[in-house]
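Shared chain: chain A. Partners: chain B in the first complex, chain C in the second.
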Partner chain A sequence: MTTMRRFASSKALTLVLMLGLMAAACGGEDTSSEEVSAAQAQAATAQSEAAAAQSEAESAQAEAEAAASALAQAQADLEAAQAAASAAMEGDEASQSALADAQAALEEAEQRAAATAEASEEAVAAAESALAEAEQMLDEAMMEQEAAAGPVTVRAAITGDEATLNPYTYISGFPGWNLLMLQYDSLMQLDAAGIPQPWLADTVSVNADLTEYSFTMVEGVTWHDGQPLTAHDVDFSVDYYINNVEASRFARDLRGVEDLVVTGDYSATFVLGSPKAGFELAALADIPIIPRHVWEGVEVPSEHDFGATNIGTGPYKLVEYVEGQSYRFEANPDYFRGAPAVEELVVIVFADDAGAQAAIRTGEVDVIFERIPPEQIPLLDAQDPLDIALGPEFTTQMINYDASKRPFDDVAVRQAINLAMDRQDIVDTVFLGAATVGSPGWIHPEHRSYNPSMIPVYDPAAANALLDAAGYVDGDGDGVREFDGQPMSFEIITNAPDSLRLRIAELTVEMLAAIGIETSVAAVETGTWEQAVWPEFNVNNGRNYDIAMWGWSAPVQADPLRLPQLVASIPMGGFLNLTGYASAEMDALSAALPVESTEAGRIAILLRMQEIIAEELPFVLLLYPDGAYVYDSSVYSDWEFIAGQGIVSKLSLLPPSARP
Partner chain B sequence: MTVADSRERAARRTARRRSRIPTLFGLAGGLIVGILVCGAVFAPWLAPYDPTERVARPFLFPSSEHLLGTNDIGQDLLSEMIFGARVSLTIGIVAAAVALLIGTTVGVVAGYYPKRLGSAMMRGVDVILILPFLPLLIVLAAYLGRSLLNTILVIGVLIWAEPARIIRSQVLSLRSREYVLAARSMGAPDRWTILRHIVPRTGLLATGSFVRAVSNAILLEAALSFLGLGDPIQKSWGSTLFWAQSRGAFLTPAWKWWVLPPGLLIMLASLGFALIAFSLEERINPRL
Partner chain C sequence: MRRRLDVRRLTQYGVVVVVAVTLNFLLPRLMPGNPLVLIAGVDVGLLSPDERAEIVARVGLDVPLWKQYLRYWGDIFTGDFGYSFRSSRPIVDMIWDRLPWTLLITGLSLIVSAVAGVILGAISAWRRGTKTDLGMLSGMISIESLPSFWLGMLLISIFAVQWGLLPSSHAVTPASGLAGWAHMWDIVSHAILPVVTLSILATPGVYMTMRYSMLETLGEDYIRTARAKGAGERRVLFGHVARNTIAPVVTVLALRIGFAFGGTVIVETVFTYPGLGRLVFEAVSGRDYPVMQAAFLVFTAAVLVANLAADLLYPLIDPRTRTS
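Showing the complex of A and B:
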């Protein structure tokens, strides 16, 4: 027990340290905009109340003055009457009664004057105190507003370090790339529907045969250091990415670019070697533009010291990075689409999901920049200021097998595995329903290129019949089929830290057992797993696995025109083809897709490719986890869910008017 | 009856009373271990369900059908606890045996040849004892990968140093006893002397070390599995904790039936063996 406790306490210590650090980083708690505006409104009402009281007091005073003058009048009357009375010494009856009248009137006037004076004094006192109160409230509101004048700080949690977050050092496709793009801009930007819209580029046009993409740029955009952004920076960025291919996805994006012809300070044309549809999504909306004056002469970008910060054009500047602990982004008030709505973004690195969730429950962070696991959705949603942003995501969970070797080179085996998988069961059991059942044709049902005839079928009986017919029978009666004299017994390799994937692997073992394929789960470190499935991240290095659980990040699916990368044979450009699948028809379609000039023609090709994938199964797609993000709605709630990408983007942090 | 007489009797009485406590502890430890071992052996008859089978909806609260509810994919947690005893106790006992084997070998050799070989070996033992234990454990476990055998090896390889020291000191004293000297002076080969005269006499001490090592090994297995460095597919108490942690049970009411029971079982098992070891040590070495 002591050992365990030591572990727990060291973990807790790290957490406490992190929280402490975070608290220090955040300084005094800022008030949210709602709170300030509420206070302001309150102060305003108090002020108007005070004003009303004051005017009341004024009118009371006027009344009192009137009463006083009435009194003076009455006194004068009385004196006159007394004079008259003394004149009429003999005291005739009429003058006597007149005197009495005058005296009564005087008394009455005196009484009234006293009462009014009292009332008016009271009113004045009330008005004064109301005024004082109003002033105090106004002061408080002003102070609060001042405190929040760098208005909102949002504290976000991530669960892994992302290094120094420049285009050559960021680590994960999500949320690393997303955080990278807070500092940089690309020529185009995805809107909420996931469609690229002009961004740094003002207009984008393409010629009829899809080989020239021309753009003009927004003028007056400046880098964080004040230098102007021009088409020459774009030119430099493109050259730089193409010439520095190490560990960069951007060089891949720019494949086929022969030249970027700069036609003016704010206009240029990409010249492609071959027609390429979807260049907007694949490249223009993906590659960050880097400043020529900073990057010129940088030879090893992943090791270069760029000093304290990265210079981009984006809405945020990275002002502080503590390795393995936190990032602090400050808003760029001169951002060309308008100053961001969130003044400061602090990103804290947590050791795991549980730590991040504990932190948001206790209010230590305001949002988690990771999908929250399905079992936590109802629990977190039930807690008061917390809300959930839900939407379709294009990440995937799938089964890969080495389709280049026995027995997976046989389509019948792959089809049998596909039929044996009860996707609905996996969605319900492991994801508690918070996932979308996988289309056997790869593309998400919510995606605009989805082929609606792709229906997953679960039919283990048909799978067994298929294997029987193909000659994979259980000859020795041990419950396991044989191929080429060996039992169909394989290891399913998966990365242990992904517990949901591990559970899917366990269910897969169960489902494959039902069709006579024996499997066992090997849960290994993420590095070992990647090395087995995708050695050196280069498909030309082959594969060292039989069956593997796998998943792609969202961009691979978000752009359907990347499909050839997954399914074209390796020499034909299938550089994400991890299963070694090859098919002549698929290669032909893969070659045709990027040169098809009409949208309708491209959709037709994509529909056919999905049919082939569902038929020949280069991999078995199981499901798409739904995106669920938790945020504290009392701090900031303007999160924008980009279909297939989630909430981590600059759109979420810009005021709605600045979003595309 | 003289004064001295009664004093003597009183002293004897306290001695007896003192010796009774370790015996009671030993009995209690034996009882705990006995129950757990019985649970492990008769698991298939005791457990209401097959722990590897999904028998109900996931994340069920405790009910009369599932006394401890179900885990994240709908397996019965009570059955998981009962079958978990098998893996946890097996790893504990086998890892301790591995440790004892290494420890005894090193201890006997180092004690019998105390000069160069012995002191060189003992420096090695010192290094093992000095190394920060848990980081080393984690690095080794991560490097070797996840499997039952690796878990046993990693634990065994790390906890042999203590038994080695204890046994060496015993051997040092044994090798200068008259009968050993006599045998050696008559030309008995070392191997014969060691196996005939030395090793059997370390047996009692070794038993004590072994039981203590089991107690340690059970804790270490739980720690490794909880950190996800054990085999997460094997149903041990530690891996139950790992799943509870990775599926958020520590943050929800489920900790009462998903975290507490395996935690208590690990504690009980470790305590049981520790109590036995304590009472054994009292017997073997009454000066303690």
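Showing the complex of A and C:
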């Protein structure tokens, strides 16, 4: 009992001491020494009072146990409050008064505890709630201090240079396009669910047959140089992208646009030559609007010298670029959705992942604008103050085979391979759980077009039965089945620098061996691999492989209306059909999808296409690696994870009120 | 006699230059892979034939190989290598931006490794067969077999991540706005780890040459003669051994200067150091032919100049090679 009492009263002492510490911590650089010493004096007073309380507490024996546990709880709460307080750099009135309140509450509780033994439980509870209140006040005080703490600078790592970051020079689709779009805006903007919302345009409407997309624009938006943005700039941008001699992603987005009819300074209508569903996602939310007064007369944009900075309407201005090393972006305080929460963004170029990860460990950067590999997730997460933002991404890992030739032209062989793949095992052993098991119908379970009846099945016995029934038997007893008199023995080609993909290939060898298909891994340099799977990046050039590990980047899946590019037969628009698969029903659905006028109708077509993919298997989708981004939560933590896209967007850097 | 020799030597250099330039041109193009994906990105499969033709023409890959080859020779003589496929920047600017950083770290590491290698090699040879000699020898052999990226990452994890003493990457703190002495210190602190890595890796070569060369000299009759006539150890070491040992060491060092450029590719990549080595790494991964051609040319020139310097220096250092 005595021990317990001592414990309880020593807790009270600790509490008071911590309040004193808090007072000291709150007193930062700007606090005068009088304030600090006043806080120390307060702490000392409180300390002596607590000593008195200790002797009183000794008289309240029965209640001491309850008090001990309650106070332990209060101490934990206070520890949190103390941590919060020490994070706050400047002392201010709010934290001082919170401190005073906490002390008063504690004293009150102590007096009540001393006054009557019966009431002491109540008193402890009251003290507890008073402390909770104090903690809340301290939190608020800390947030106020944070807001007043001066400009937030975030230093981000990327792993490759992105040139001068204008629409004709940025290099990678990710994160190059994402950084480009910090300086520019498009008519629409993806929200956190990955759905386009009005942005520079404040209304967007489409006619019934999907050939006219009309929009009105937010008025009063200005370019970084102060000039007003109007529909004429949009008109100029569209013309420029379509007609410039240099090909660009944005010209492809605008294929099928016959005209942009400007109907006012802030309204216009896109007129398309043929119906096109999904124009919002494919074009309106993708194309950066460029200023006519800057770009007029620019003939070769990739080599044009635009001077010190790119002029856009976006939340950031690029104020410094050192080739191969760094970018410095400054917030645009006049941004039409509100000034960004991050005032300065420094983007630092690293040569590889390892360099970027070392730099976030040393504190040289505050966030990495690249997905981190699975084995690094727990290691980085364990380090304070690093945190991980996790979410679904629409990149893929899959098995391709040449479905135009024997034996992969036989759907039974493709189905057997699909049944032989233990996707969960790959997710667990290669990705350590940081991936989502692949749908055999291609579309990610978190995607709005996902067909929920697509369940991956792992059943090697069924796969063996299927191959037996289709006549692929092991005639010579060497453990390998035969087709057309040859052993079913193939090479799996993969790109050596991608170690995760290489490990998937190795597991695939084992899984296929279990169904009598012999394979070996050929890990080659990326260029060689691409050349075998996708010669000259033109599907009309055929294929030079049997089995290949492959993966598509997120945009291919993010826009479900691109599915025909993957599965339509090559003459029917299968630009990304790397396996030579062809099916009449799929071609018909592929043709119907872009001209279907209702969202419900398009979803119905997509659900059917997923069923066919899962049945006929133009490829075997294995998994979707999850997006994992590491950031330093002590610098900035308000990152917005856009489904399928990750955290690198203007949304992450704007205050929550300015996000769509 | 002398003139005929010089003409022959010049012809040799000329042949080497032609062969090297031709290889610089051919190697990038013999690598599998296609610069198109670099320029068009993931949408490369969606390009129309016209768009493909436009891109290919813009980067000058539409003309036959022999014309591209002649154009490369033209570039060499005019000193204008055109624009990078990747960054659309003038290549000459890119090289001039990167060259000083590579010169800084290779220069410093050459000095450090030369001094360390010569001193340690001399000590080792002087005490040949002792524990000191064997310890040093086996240590140097171990160091020589270290992979450079591994050593670089080890130093990063100790000095940057664990102890936080030095920055892990880059040549300056990006966008720091530092000036004056703070800027100088920023450059020095960023150079330390790459220089240490390069120096550690380069020391064994110098050490081995120094040690063997000195052992050979120590076994010569004239050393025995010098000792026999009563010369002191110090006089034997500096007056007889050192002078006869130095020539092969200088050759090795000169060759190293040339090859040091190439040796920076991996180390500069590990430290994200903005030198020529990293430029080459980026260009190779991106199939940026014109940048590869130009950077390889700088490497070639470095090797040739270093060779030439060794050829010219040798007779000055070692009078025995002046005759014949």
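Note that the second predicted complex is superposed on the first by the 487 of 660 C-alpha atoms of A that agree within 3 Å, B and C clash if a C-alpha of one lies under 4 Å from a C-alpha of the other, contacts with A are read in each partner's own complex, and residues count from 1 in each chain.
Definition applied: a contact is a pair of C-beta atoms (placed from the backbone, for glycine too) under 8 Å apart; a residue touches a chain by one contact, two chains touch by 3 or more.
All values derive from a computational prediction rather than experimental measurement.
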Check: Does the superposition put A:Gly324 against chain B (first), chain C (second), both, or neither?
Finding: second
Check: If you stack the two complexes on chain A, which partner ends up touching A:Ala496: first (chain B), second (chain C), both, or neither?
Finding: first
Check: Touching A:Leu507, do we find chain B (first), chain C (second), both, or neither?
Finding: first
Note to self: I'd like to know which partner A:Thr429 touches here: chain B for first, chain C for second, both or neither.
What the structure shows: first
Check: Which partner does A:Gly355 contact after superposing on A: first (chain B), second (chain C), both, neither?
Finding: second
Check: Of the two partner chains, chain B (first) and chain C (second), which one does A:Thr216 touch, if any: first, second, both, or neither?
Finding: neither
Note to self: Touch test for A:Thr528: chain B only (first), chain C only (second), both, or neither?
What the structure shows: both
Check: Looking at chain A, does chain C or chain B touch more of its residues?
Finding: C
Next item on the list: Could you tell me which stretches of chain A are touched by chain B in one complex and by chain C in the other?
Entry: 354, 358, 361, 525, 528
Check: If you look only at chain A, which of its residues touch chain C in the complex?
Finding: 155, 160-161, 163-164, 168-169, 171-173, 245-247, 249, 251-252, 302-303, 320, 322-328, 346, 348-352, 354-355, 358-359, 361-364, 525-528, 530-531, 534, 536-539, 552-553, 555-556, 565, 575-576
Next item on the list: Provide the residue numbers of chain C that touch chain A in the complex, in ascending order.
Entry: 31-34, 36-38, 40-47, 51-52, 54-55, 58, 83, 86-89, 94, 97-98, 153, 156-157, 160-161, 164, 167-172, 174-175, 268-272, 274, 278-279, 281-282, 287
Item checked: Complex contact set, residues of chain B against chain A -> 54, 58-59, 72-74, 134, 142, 145-146, 219-220, 222-223, 226-228, 231-233, 243, 245-248, 250-252, 263, 266-267, 270
Check: Can you list the residues on chain A that touch chain B in the complex?
Finding: 1-4, 6-7, 353-354, 357-358, 361, 373, 375-376, 379, 429-430, 432, 496-497, 499, 502-503, 506-507, 510, 520-525, 528
